[in-house]
Amino acid sequence: MMGINKNASQVIAEIVSNKKVGAYHHMVFAVGELAKFAKPGNFVAIAVGGESSSMVLRRAFAIYRAFDRGTNGGLLEIVVAPHGAGSTWLTNQSVGFKVDLIAPLGTAFGIPTEPIRALLVGGGYGSAPLFGLSEVLKNRGCRVDMVLGASTAMKIYAPLDGKRSVSSLTITTEDGTTGITGKVTDVLPGIIETNQIDIIYSCGPMGMLEAINQIAAELGVVHQCAVEEAMACGIGVCMTCVLPIRGEDGEIRMLRSCIDGPVVDGSSVIWSSKRQIPEGTWGAN
Amino acid sequence: MMGINKNASQVIAEIVSNKKVGAYHHMVFAVGELAKFAKPGNFVAIAVGGESSSMVLRRAFAIYRAFDRGTNGGLLEIVVAPHGAGSTWLTNQSVGFKVDLIAPLGTAFGIPTEPIRALLVGGGYGSAPLFGLSEVLKNRGCRVDMVLGASTAMKIYAPLDGKRSVSSLTITTEDGTTGITGKVTDVLPGIIETNQIDIIYSCGPMGMLEAINQIAAELGVVHQCAVEEAMACGIGVCMTCVLPIRGEDGEIRMLRSCIDGPVVDGSSVIWSSKRQIPEGTWGAN
Amino acid sequence: MFNFRTSLGQAEFENPIFTASGCAGSGKELAQFFDLTELGAVVTKSIMLKARSGRATPRMAETPSGMLNSIGLQGPGIDLFLEKDIPWLREQGARIVVSIAGESVEDYAILARKLRAVQGISALEVNISCPNVENRGQVFACQPATARAAIEAVRRNIGGDLPIIAKLTPDVTSIVEIAEEVVAAGADALALINTVLGMVIDINTMRPKLAGKTGGLSGPAIRPIAVRAIYQVHEALPNVKILGMGGVASGRDALELILAGASAVSVGTATFGNPTAVIKIKEELQNELIAHGFDSLREAVGYAHRKEVNL
Amino acid sequence: MFNFRTSLGQAEFENPIFTASGCAGSGKELAQFFDLTELGAVVTKSIMLKARSGRATPRMAETPSGMLNSIGLQGPGIDLFLEKDIPWLREQGARIVVSIAGESVEDYAILARKLRAVQGISALEVNISCPNVENRGQVFACQPATARAAIEAVRRNIGGDLPIIAKLTPDVTSIVEIAEEVVAAGADALALINTVLGMVIDINTMRPKLAGKTGGLSGPAIRPIAVRAIYQVHEALPNVKILGMGGVASGRDALELILAGASAVSVGTATFGNPTAVIKIKEELQNELIAHGFDSLREAVGYAHRKEVNL
């Protein structure tokens, strides 16, 4: 799962579609050949702000879907939440505008060889990479259940065609504007037991991932999650995006989430270590 | 002629038209009421680069024409040469885009009360403010001759309807692609004598203005010129745009070209003083 | 009711948003865009003893998210300034902070004496980030001894209770050391930061773009340096009030400086891009403070220094 | 034929565009975007004696036209580095400049000894902009004495003719003074500039955004500071070669540093925004130099210092 994504390349990609969906923008880019290398869990890094931008860093977005349609036809889709200056700029660009894009980056969700029972859990725009994943899992004969949560209905991203491949979809919102009132973690234990889940795949805010991981650990379910750390480069050269991960040798190391992630084994992450290096980390003194 | 332009105000102005004309862009902005205050020689200051721009300073552009058509209908026109990042950004904006604009700024060309013979001399986009001026002069019964020069034909800005109000138009280009081969100053002495010119109005690069001023001085013709100094604020608060001007008291002072200019009396300027303060300047020691 | 009042030394101000010295002249040019009484204070362009032509042009260069300037303190000299600018500002009802600059310790002393009896001034900003002609043109604020001497000269001569705000340059190895020195010498408050020394080379002429070769870097580019300087000095001298500045262009930017330890904020370069920037920033800051649950500006000053609880 | 070759101390390089230490790892990650032999040299991330976890996160904050980082020199330590990274780089045929950093003078001495016999290294960049644990965490390059001590330790232990490039911080009152000191101590060349100390406060948490509170400012925002530092040092020490860096994102930017006095240019933050930035910059620089009529890079080095003729 680890190491440089050898398929990454840099392209100038035209915006083919840009539609507002709830609180998000669903954006499609013409990326040519590289679409065929994109795997669920990978991300793209896009330069923002235009020629004389004061923003010097790219923004990372999980790949929602990718369509390989030959050299000129490859499409890559993302779901963007207009948040700060960079994402707002991106969502304001019109069809026809060209952006500088690097993809696919990072690790992908591990796909089981057996037809097991998977639960996909997404928070906010974190649902985006899960639909492509569910497609792949379903094609492998897995049963796929899905839980999506957000603070409010507008922040649930669950397009109709994305839902085709899941056996059940549970939605939670904190304000109760749609689905069950509460958090995804309120419904997880029940679904895990009822559906005899073998593996959880998750994507969303770090706090949510941590809470899911705790439930997974308690119930003995494998947990793969896509983390989101602030990234300066996205390609492994800056060391800003690190998080403490326990390796197979038992050693904790500060690993780069852009290269050794974003998809990591939830049980290997030393959670709750924001603003401090966990004790015993390799090289800490 | 000196002091703060009390009519200046700041508006969010929509781009109504943006057309490429030769090497330039002719741009029209909906500015509302302030159009009625614009006088030939005044300039506008436009914020460039959009929301997260790395360019923190406005760009100044001479007002080409202004149409007062009531509160909502006022239009203001400029001619922009895509040069560096700021002007290129501006010319790339589409109709409907809104910019932050301050106008009218600076001094205007002094209009004679008598029907005298005026020669208007423009270099490159420096022709822009001269067409509005010729209109005013013609309405006052003046005879208006015009000389426009540039390095090459593409850089001569001389729209058909602008030419209506001039009695003669002479064009010079350094590469001979249109008009007379040479510089405006090659043809000035002849025209001044033939047409018995009383006053020269000029606008263009500083080197050209200086050369024109020398001819005007030699031939005893009054010379008003619109200078172009690098401006940070355009409203008189930064002191970057100064140039040495001899006042009526004989004292040389570093005056602000955004407030005490851009239109100044050519004979009052201490030319060729780039990169040094002229001897005897007030406060120099 | 939200309390926006603030103070620097003994001087009280209605709100914490000031102009920055050298970025608003003496207020006249801005007065056509808004009422000067809207400001916490107008900080005037640093005035010197005599009239000064300033440096030759070009005097400025735009840089990424900032600009370089080398105006060279062009101005009419203290006498004409007191005769014309101060009465005009007083008439407008504006709160006035006068900025002074000298070429020698003696200059600072004389300037202070000329100002001691002047009515209607709220505080004195002492710009010591200028070259000392008696010491190989070394900037006063770059060495503890010269920084101290300049401030002492003002302190001895100003009399009464006109607060002295010493304005420091960030171009030093330890700004805390200089801050401690000028406070010991009698500064009531500190202005942080002046511009950062920089240079732009014109690719066409292949020479320094500014006639004065080097210039002062200002604007958003230097905001992280300003925040750091304010934070460091507030940490070391929590009881000394700070007038913060450097790259503030929005209410959020102003809040950043305030959380770091500034009791008031000057806006410089942002005014060049937008003449009404100070008004926008003032409104945005008040909204931000209220949105964060503060009842008064004072509570937010230095709030970023609070101890971390149960991390 | 345009001559793009350059040198730093005794080391010669095919072209003047290098990566910046800490902004290209040990080259592996960039190798998938271009061939490392295209570079004048790969400058590796500053390596320390022991493995280091670096600082806690968040480690970065974007700022206007720049960014703040506090990585804290995360790395595997010199032994693993020599075992894995250097052989790999050698295999690629890349020119290698190894950057080292220590916490004590002794660290620098040991690092130099470990490197003296290593094949395939073109030069040593000695990063002395790091905290000295033996001196209250004061940065070596902030004081002449500690800067000197670190460079002397390397000089004494490196032997042979591996050139030493001393990397300085701009956060000092006089960078020329430090430059003179390290040259006297045996540095063959200088690397200017390291990042500028800054801070960002997170408006939401109302605390410093970085876990390490302060961080280093880099990117186009600091370019005017880099150009000034290079110009000042080249003016004072015209015979000492400079590896320039700070905010270079285009060929024009690189040319600016070269005209100021840099013989080679490292590209850091620009690589984060664009992995192929170094290649773009190299091509643009060559085109600019040719367009300006230079036959070789060497002619352009320090060209902005030439005497003005008939002004």
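Each chain carries a letter (A, B, C and D) given by its place in the written order, and its residues are counted from 1.
Going forward, a contact is a pair of C-beta atoms (placed from the backbone, for glycine too) under 8 Å apart; a residue touches a chain by one contact, two chains touch by 3 or more.
Nothing here was measured: the structure is a model prediction, and the numbers come from that model.
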Original post:
Among the other chains, which touch chain B and chain D together?
Top reply: A, C
Original post:
If you tally contacting C-beta pairs, which pair wins, A-C or A-D?
Top reply: A-D
Original post:
Counting only C-alpha atoms to place each centre, which chain is farthest from chain B?
Top reply: A
Original post:
Whole-Å distance, chain A centre to chain B centre, using C-alpha means?
Top reply: 55
Subject >> Centre distance in Å when chain A and chain C are each reduced to the mean of their C-alpha atoms >> reply: 46
Original post:
Could you state the distance in Å from the CA-based centre of chain A to that of chain D?
Top reply: 35
**OP:** Can you check how far apart chain C and chain D are, centre to centre, with Cα atoms defining each centre and the answer in Å?
**Re:** 33
Subject >> For chain D, residues that touch 2 or more chains besides their own >> reply: 64-66, 219-220
**OP:** Please set out, as single numbers or ranges, the residues of chain A touching at least two other chains.
**Re:** 54-55, 275-276
Subject >> Graph class of chain-chain contacts, one of line, ring, star, complete, other >> reply: complete
Original post:
Where on chain B is chain A touching in the complex?
Top reply: 49-55, 85-86, 88-89
Original post:
What residues of chain D sit close enough to touch chain A in their complex?
Top reply: 22-25, 28-30, 32-33, 45, 50-62, 64-67, 69, 71, 74-77, 211, 219-220, 249, 269-276
**OP:** Going by the contact rule at the top, pick out the chain D residues touching chain B in the complex.
**Re:** 64-65, 220, 311
Subject >> Complex interface listing, chain C residues touching chain D >> reply: 63-66, 68, 142-143, 171-173, 196-201, 203, 206-208, 213-215, 217, 219-225, 227-228, 231, 247, 252, 255-256, 259-260, 288, 292, 303-304, 306, 308
Subject >> chain D-facing residues of chain A, complex >> reply: 4, 6, 8-10, 47, 54-58, 100, 102, 229-230, 232-240, 242-243, 253-254, 259, 273-277, 281-285
